[in-house]
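Next, two complexes with subunit A in common: one pairs it with subunit B, the other with subunit C.
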Partner chain A sequence: MTAVIEVQHLSKHYRDVRAVDDATFAVEENKIYGLLGRNGAGKTTLMQLLTGQEFATRGSIRVFGESPVENAGVLQNISFIKESQRYPDDFRPRHVFASAPWFFANWDAAFAAQLIEEFRVPLNRRIKKLSRGQVSAIGVIVGLASRAPLTFFDEPYLGLDAVARQLFYDRLLEDYAEHPRTVVLSTHLIDEVSNLLEHVIVIDEGRIIIDEEAETLRGSATSVVGTRAAVDAFVAGREILHRDGVGGLASVTVEGLDARARAAASAAGLELAPVSLQQLIIRRTSTSEKEFEATA
Partner chain B sequence: MTTAQFTKVIPTTEFQRVGRIVRLHFANPWTTIGLPWIILGSIFLVNLAIWWIIFASVTSASDRADVSDGLQYSGASFYIFVYMLVVAVQAISITFPFALGYGVTRRDYYLGTTLNFVILSAIYSAGLTVLSIVEELTNGWGMGGRMFTAVYFGDGWAQRLYLFFVGFLFFFFIGSLFASVYVRWKANGLVALFIGLGVLVVAVAALATFTQGWGVVGAFFGRAGLVGSVSWSLVITALAAVAGFLVLRRATPRG
Partner chain C sequence: MDESRPIFVQIAEQVENDIIGGLMAEESQVPSTNEFAAFYRINPATALKGVNLLVDDGVLYKKRGIGMFVAGGAKARLIAKRRDRFSAEFLAPLLAEAEKLGVTPQQLKSMIDKEGTK
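Entry: the complex of A and B
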């Protein structure tokens, strides 16, 4: 277990906004991390801090054991693909793909060529004239073909259709298997990537509210469905994440159930349903908002 | 502090890191090389047409000499100097966020960009000098026209080469300072900078006026001569270059 990224008590404040608020976490080498959260939760700011683009208000960041800020020895191992990545106005995609190898020592030209073909990126059209999805595809291709030891994808697929997104997930997973590296993927399309992620970090209003193995997280909550009375009796005293009800029926999401609790639920005639990563995160983030309001 | 060994890429040298920024600026030379020459070429053609009209309508040798005398004050090629300010602003505001996504440090970026501006200054001053020599050899393109040998560019090709070069450096690095301010503080920063510069100019003018110092200023530039006066701009150029770096060093690329 080697932590490529170690963050301690990291904060970034802009005037009255706490974009990142006292974050502490670590990212282990050669794993795929999901950095999840709502829009404006602080995902991009966090990635900018980790790549030395933004300056911390407080706290420490260690990437490959050193501070990333203005540190060429660290930064040359990093590829950071942003949703809003701007390209020089007069560039055509071929200029991007011609210049990327100068910056990424592990660049694989054959892989890039294959991806250009698969994503159907027109090499000779000016980037300004490309569709949003085609511009995103350029970023995705650079991020994959650069094979940087530490790769950040910040919502890389704006405007990409479902086919292209699936292609991205497939190629990422295949290439990652052959060339292990650390990938941090920020997204709000949680269900789409949930099978890809090995570890999940959820940020909400600048604070890290979940930092867990994806596997653990998936089993951590269960929906209990049944008649209102039976459900209420069963969930009494348990940690409730969410509650839904129609007429006499209720569906309540509770924190992880052990085998005995599961048996008791079936005995009471209740149905147990797994909770998707997306639902779980939605429920956890809204919980935290309520808690936040309560303490504020 | 961890002592773990990570899988990393082969380290680069400072030389490589600065060199690839220069290459990045030249990846598509259209904005920095292609377009300015095309515009300059168009201005030249318009001038040629005007010279031809004059040349065709003014026939006596002494009148033609008068025309040529007047044309030495041509400002037709000034545009290209000011345009380099625009080129510098474009180059930085567009490639800076791009390069930082490629894992480049601000320091290496600025060094590479500075080198790029020096190279561009050399290319443009060499080009203008060649044109000025042709202008001389063809006796003003056969019509007594003057665009590249205007009186402000000095005497003889060596002096012109020097003045062109210093002039280009000045506009590139002023542009580079403006661009750094823009990248860091956006439009508000530029407005503040322009107000600051305006106040500075007025303050200097006030100082010169109240101390009856205009004569001293005039005498200073008179003594320095054309080459000397232009050389003094190198001080401003150097200050702008350093200020640009200090501003950019704490800048964050934003979408």
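Entry: the complex of A and C
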């Protein structure tokens, strides 16, 4: 596997805020990554660092083997679609699509035209006059049709309705299958995208807390539900992610139950409930730890 | 999709079900991994993993440059495999629930007979 991005001990501090804190990870070629985390976790800062738009306080970044900062050779292979992309005041969508080929060698005008139709973007209206969702659609179209070897989507769908989001996911998958490339999708709509992702990186308070294949994460945690005594006896000695209780009942989320443990749980009269990727991430990020301390 | 289990396992099971149910005939071509990915809205690498699971089990085989095909005899082998698991997966929980409710094996048997004639 070839690494497209290699980051070592990367930190970015703004005064006393550690937006990115000692992050080390790699992004492999031609996979779809999910960069997940809460608002303010450091997702956008990390992507700005990777695309040379911010300077690191500490650590090293290699994108296509080189530093991305002021490096045209690296940056021309990157498409970065931002949540709040600004356009010049007089710009109309057709100006954006007319200038995109200047920046992206792989630009596919026919694909862009198809997407413009599907997302119903009015080409000749001023961008200032467009709805939030229409502006987001412009970004999504540029990100898809640019077919850059490395594409970042940073919360690309502000204001996009459910139909348009599904269209985005479908077109992304189809085009990725035809033209494999590396995609980093940053989002907090985890349930919507979880099946699209091959690899998941979760950032929380600037730190990388999960860096794992999506399929490994799926089903890695299970909630064990039953009477408090039975649940406590079963989870003793296991790593507990989350604990909830009401009256004599307890629900405890634990990691890695094998078939034997599952059979033992059923035999003890306990219910096992699946934990979705989104729930797993919520349980692993900091708020739930505090809740856990309070209830434990 | 069921959230609790790996998606590639579920894809493989779905294809197995289609073979057992006769929707995919032996020696016929199955959809490509990209078609599976688009249909189930999953990552193509995940679909490939599911298909490879079936190739490893001898349920599907590859024809170079053409695609994936259902192996001869796959249906009978899959049915035999499912029958082996039937007792553990379906009977054991049924008996456990029956015992909890105080349904005797005799009562259970007559219930099955009754359902079967419906």
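Note that in this section the second predicted complex is superposed on the first by the 286 of 296 C-alpha atoms of A that agree within 3 Å, B and C clash if a C-alpha of one lies under 4 Å from a C-alpha of the other, contacts with A are read in each partner's own complex, and residues count from 1 in each chain.
Everything below uses one rule, namely that contacts are C-beta pairs under 8 Å (C-beta built on N, C-alpha and C of every residue); 3 or more make two chains touch, one makes a residue touch a chain.
Quick caveat: nothing in here was measured; it's all calculated off a predicted structure.
Q: Identify the partner contact of A:Asp90: answer first if only subunit B is touched, second if only subunit C is, both if each is, neither if none is.
A: first
Q: According to the stated criteria, A:Val140 is in contact with first (subunit B), second (subunit C), both, or neither; which is it?
A: neither
Q: Determine, for the superposed model, which of the two partners subunit B and subunit C contacts more residues of subunit A.
A: B
Q: Taking the superposition on A as described, I'd like to know which of subunit B and subunit C A:Thr222 touches: first, second, both or neither.
A: A:Thr222 sits against subunit C, while subunit B stays out of touch.
Q: With the two complexes superposed on chain A, say which partner A:Ala19 touches: subunit B (first), subunit C (second), both, or neither.
A: neither
Q: Applying the touch criterion given at the start, work out whether A:Ile190 contacts subunit B, subunit C, both or neither, answering first, second, both or neither.
A: Touch partners of A:Ile190: none, neither subunit B nor subunit C.
Q: Classify the contacts of A:Phe104 with the two partner chains as first (subunit B alone), second (subunit C alone), both, or neither.
A: first
Q: With both complexes superposed on chain A, which partner does A:Ala177 reach: first (subunit B), second (subunit C), both or neither?
A: The second partner, subunit C, only.
Q: Going by the contact definition given at the top, which residues of subunit A touch subunit B in one complex and subunit C in the other?
A: none
Q: Using the touch rule from the top, collect the residues of subunit A that touch subunit C in their complex.
A: Touching subunit C: residues 31-32, 169-170, 173-174, 176-178, 195-198, 214-215, 218-219, 222, 266, 273-277 of subunit A.
Q: Applying the document's contact rule, which stretches of subunit B touch subunit A when the two form their complex?
A: Residues of subunit B touching subunit A: 1-4, 6-12, 17, 20, 23-24, 27-28, 30-31, 90, 94-95, 97-108, 249-250, 252-253, 255.
Q: Across the complex, what residues on subunit A touch subunit B?
A: 2-4, 6, 29-30, 48, 51-55, 62, 64-65, 70-73, 75-92, 95, 98-100, 102-106, 148-149, 181
Q: Considering the complex alone, what residue numbers of subunit C touch subunit A?
A: 1-8, 34, 37-38, 40-46, 49, 93, 96
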